[in-house]
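The same subunit A turns up in both complexes below, where it pairs with subunit B and then with subunit C.
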Partner chain A sequence: MSDPMSDSMSDSMSDSMSDPMSDPTSEQPHTPERTDGSAMPKPEHATPLAVLKTYKLFIGGAFPRSESGRVYEVTDPQGNWLANAPLASRKDARDAVAAARKAFPRWSGATAYNRGQVLYRVAELLQGRRDQFRAEVAAAEGLSKAQARAAVEAAVDRWVWYAGWTDKVTQIAGSSNPVAGPYFNLSSPEPTGVVAVLAPQDSSLLGLVSVLAPVLAGGNTAVLVAGERTPLPALSLAEVLATSDVPAGVVNVLSGRTAELGPPLAAHQDVNAIDLTGAADPALAAELEATAAENLKRVRRPAVDAEDWTADPGTSRLLAFLETKTVWHPMGV
Partner chain B sequence: MTAMKFEYAPAPESRSTAAIASSHGLFIDGEFRPAAGGKVFKSIAPASEEVLSEVAHAGADDVHAAVEAARRAFPRWSGLPGAERAKYLFRIARLIQERSRELAVLESLDNGKPIRESRDVDLPLVAAHFFYYAGWADKLPHAGFGPDPKPLGVAGQVIPWNFPLLMLAWKIAPALATGNTVVLKPAETTPLTALRFAEICRQAALPPGVVNIVTGDGTAGAALVEHPGVDKIAFTGSTGVGRRIARTVAGTRKKLTLELGGKAANIVFDDAPLDQAVEGIVNGIFFNQGHVCCAGSRLLVQESVAEELLGALKRRMATLRVGDPLDKNTDVGAINSAAQLARIRELADAGSAEGAERWSPPCELPADGYWFPPTLFTGVTQAHRIAREEIFGPVLSVLTFRTPEEAVAKANNTPYGLSAGIWTEKGSRILWLAGQLRAGVVWSNTFNKFDPTSPFGGYQESGYGREGGRHGLGAYLDV
Partner chain C sequence: MPSTAPALPLADVTVSDAALRRFLHGLPGVDAVGLESRAAALGTRSIKTTAKSYAIDLAISMIDLTTLEGSDTPGKVRSLCAKGAAPDPSDRSVPAVAAICVYSDMVREAKEALRGTGIAVASVATAFPAGRAARSVKLADTREAVAAGADEVDMVIDRGAFLSGRYLQVFEEITAVKAACGEAHLKVILENGELATYDAIRRASWLAMLAGADFIKTSTGKVAVNATPANTLLMLEAVRDFRATTGRQVGVKPAGGIRTAKDALKYLVLVNETAGDDWLDPAWFRFGASSLLNDLLMQRQKLTTGRYSGPDYVTVD
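Presenting the complex of A and B:
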């Protein structure tokens, strides 16, 4: 990052990315597992047996199982078994916060242009794996093929929308302030830090992207709790993020019980903000908000009415996790 | 040759401009009235312990009446054309300017701050704040919050005692400009200027119920925060109380902004203009007796100039005049209350007990009232309580650093994040450092500057939301 030209022209932050292979907690190779049975070499005999995917958490760029060893059954809306997802623990949540904190200086310190390109590349990779996501979203939410296709396309578009915001939000949220004195006075938005995001329960990919991308676009790092009943698209999105240029730890993905993972994240003293969108139970949302008061976390409450994830997202999620810093400089000769 | 000695003659400001009634009522629905339960408390002058007035103590019934009055006034006030609301606020700004000497004297009496500050800092900023937000009232569609931003309803506002009228202005001006009505609870020890402001609302013919003022202690504030008829809470005060308020509003739809404590680093590099830096350090920690949430209470000085800087700082501190707040030559006034004095003493004693070295200039303190001499501690480590806890008094903790990176690490080693100061001649270093500091306001080669156009507010446990500027409108709009 020392050469400003190469920094501004590059869409890669991989020069000092940690290598997942070197992480003893990861037993995955750097390339993601294949999830598409049809791409496997076909044996001579008929009806080849599909290779199922073991879904894992995503923490600090690695794909560990839950340290607790627990899993839970994920089914489609009809109750058909889809996979065993990791049932993340409080310890997993703490590990994820530590990884997100470690990743914060570099991600928040990257140029806005650089962050924009890195996020745009996520959209490119998501597009490339759209068939997989259509299948996962359709199974998770019980959508038709056409509905699932629309949801995935909208999710890709949403990444693109937020990728384009990185180098513009300062200009709409900042200001030059005409103070009554000989001072140059400038206000600029800055990321608040580590944001815990409880992803929506009703939209496994589009809703997920709609809450995650604005947090990242502003320069924050995230600990994401996937929708409890529909975590598989989130866990697959982690594979997209791992193979994109998003540095390790910038996004950490947990699957499990929202009511179990929410409290340790709301109580964690090294989390700066919490998005309670996925706290669908008002009593849980109120409890988490009260817990978050301990270190004055910024809290985004769940919407009163069901959110329309296809609607124009506006800037409120982007601005919710930004601080305003005002700097005064005297003027004189 | 013997040194010439110039003594200052006393130069007291006259109290006659600020006659004080012997008792004050609550201001609810445009009228002054006693508390429903008849309870009163005394507001005293901290410089003399003289009782200034008896003030009505609002109970839950009174708070309820005030909220109801604000609710009734809301439809008409929010429905007024913005230009009409603007004219009320412009009127208020002008009335404050007209009565600024009276208000400054009253503020210094009730709070204990030097008249030089109430006259030259507080009151000009109060008037400017109303003037600034008056102009926004009919321009809200251009403020960046959408074409037709809506007010929230009734704003419950709880303010501290360190800048009583200025904090009132920070709260009331943007709330009214955006079309909200308000119930404001001044601090228990400094209710008088808020009640004088209520008179100004009447002179401005502000419709009844648009501004209500309920005086009392923390129980009145708690009743306001808990009231279901309140749509928005704005609080300035300690982090401890802010935390309780955040817990109280959890699970409601009340919008909340908090401006809480701080432990600002004031960072001096070896290339800084040291005489200017000394003035900035003094202004940073001894302005308003250090009763300032954004006070530069941790001095981080580069090791190579520490000795020289501390020598100059001590010489400057020896010239500070501590005493009668109404004397125009006074630099440092009275501590606001006995409770605050006890808190300052406790933390200063902890500084000595934990091994830091305490120093104050020779300084004669008045016999009556609450006083604490300007004090600095050297040999402070980051683990000391005086380096971690907000003292909210005229006590400076001095730490040193060698490299800019070390300065950043030490400055950011706090759960707070309200403000910071940088002293260096190197522009690129200022901009780099300003980017690294986790604080909402950064003053470079200056300190403790405020302006209505300039957003103010903290990171982390210094609270959330911004007051001032275009940003300050957002706290009172449904966005």
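Presenting the complex of A and C:
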């Protein structure tokens, strides 16, 4: 299997060169031109040279390589090479947390309505690149074309769903409390801060969106550790986020070993919450939870059984990263 | 005739404006490309574990913790002094800073707050930061600061006179301020960002040292270009060469724009590799900084606990 991104690029280019009248929305997949990473495409009617994509991290709105200079091979479930992904180090994690902290005041201070619009636009752009994501998800998870299409559609749908929640979550999680005195007593949910998210290992896009979008919808900023074996859709999602209206640093994407990046993030004193969904090993999850207790992080434990990412997500992930703030205000009578 | 430094081998170069100009323009020109690449190369050193720990503590002890804002209040100065004396209240092994640097009208407040700590009070003077005032005003400013108890005085040179070639005027002003300082140490701010060329920075460094500066300082922190590794390296070369020529050691203080521990460590490498470890001492090298201290403290916490720290664990300045 060849690199899905460079395939789709060279496909679309050869489409437009060989037959400008072809339907650009055609979903007919093109046969890969290469059977491994080294062979070049056949030079028939001046097919452009295939350009292999260098996947990179996403930190503070920029696309750096890992500070360590390391990469690792990403393969499909059959073991065929897909691409090299950066193998992020704890210093990359540190930089990502610093970027997320810097972005927090603006993102958490934006109106809920504005956040909803920004997140909705992410869904628009995700939809616009669905062909690329279908190819990447199919390659990453070994799905059929139909399954991959369904996964991408569900991911777009999920993103829109959470975008709609930004200005509604206060109504379900907030309250006006009766108190014995001449005061208004109001509770409202507020963002927690910087959230480290260990993305699920089993669902490279739908699962990823399902854990990332609720964190953002609540007004938090995120440091996302992509699934270890399937990081490519996450790294491409970073490109979508970079070209949307999401401010730099609100989402930072790291690829690498979950067991290597989890501990420094769990121990980091400037991370306010951690989502352990991607800590598939129970021993690792327990260790990270204990480490996270040091500065009283909010912790979301991984599910005991495999999660069904197609099921109705509910609001539990949204509420897991919100703090309730209660205000007493004199009635003035 | 200036009264200082008659014993110096270079005493004859300051007898007249012409002699001073001849000497300063006779200094070798600066190879700008070479200087910048040397500074950049020294900035790539990797400093780890025990060396890093030593360097962080040394850098903290070299800080002139500074507040030079129009909005400074006595309360702010007092809290800055408290922070300088115990930078990390949760860890008493953190060294104190070298000095607290304030405007001259805040010296009394700072002196009072620092009594018994051994931390010096530095005051900017001579119509800081522009230096555009009559000499009588500058000298009065200096005397006020010293009378209020300043241990160190940071003066600015008259860049207008320097850039128009009136070197003797600048020289005489520095010697006059030095005389007004009495026992207080004199740091001379060259304001590199306004001197435009490396050659001018080298000349200004020598001019200040000839006039009796105890320290030469890069900048006020009030202009676009402040301390850079390259111009600090140039000044370190100047103090090294000055000691080799005259036997008198002069300190260096980069100020403005040094915000991270990583930057501070790069400067310490420059000091060690250029001037030598005689200068790796708060008596001979200082950082003029305010936000640098918090980053050094966060790095120190990382080294002691193994966990990355964050801005929640240091003071808000």
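Quick note on the criterion: the second predicted complex is superposed on the first by the 283 of 333 C-alpha atoms of A that agree within 3 Å, B and C clash if a C-alpha of one lies under 4 Å from a C-alpha of the other, contacts with A are read in each partner's own complex, and residues count from 1 in each chain.
Basically, contacts are C-beta pairs under 8 Å (C-beta built on N, C-alpha and C of every residue); 3 or more make two chains touch, one makes a residue touch a chain.
Note that the structure is predicted; figures quoted are calculated from it, not measured.
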{"item": "Superposition on subunit A - do subunit B and subunit C clash or fit", "value": "fit"}
{"item": "First (subunit B), second (subunit C), both or neither touched by A:P264", "value": "second"}
{"item": "Touched partner set for A:A180, first subunit B, second subunit C, both or neither", "value": "first"}
{"item": "First (subunit B), second (subunit C), both or neither touched by A:V304", "value": "first"}
{"item": "Partner chain(s) touched by A:R101 [first = subunit B, second = subunit C, both, neither]", "value": "second"}
{"item": "Comparison of subunit B and subunit C by subunit A residues contacted", "value": "B"}
{"item": "Partner chain(s) touched by A:I172 [first = subunit B, second = subunit C, both, neither]", "value": "first"}
{"item": "Touching partner for A:T324 - first (subunit B), second (subunit C), both, neither", "value": "first"}
{"item": "Shortest CA-CA distance between subunit B and subunit C [superposed frame, angstrom]", "value": "5"}
{"item": "Contact residues of subunit A, present in both the subunit B and the subunit C interface", "value": "294"}
{"item": "Residues of subunit C defined as touching subunit A within the complex", "value": "301, 306-313"}
{"item": "Residue numbers on subunit B that touch subunit A, as the complex places them", "value": "128, 144, 239, 242-244, 246-247, 250-251, 253, 258, 260, 415, 430, 434, 439-446, 449, 451, 453-457, 459-464, 466, 469-471, 479"}
{"item": "Subunit A - residues contacting subunit C, complex", "value": "94, 97, 101, 264, 267-270, 294"}
{"item": "Subunit A residues touching subunit B - in the complex, by the definition given at the top", "value": "172, 175, 177-181, 183, 185, 187, 192, 272, 282-283, 285-287, 289-290, 292-296, 298-299, 301, 304, 316, 323-330"}
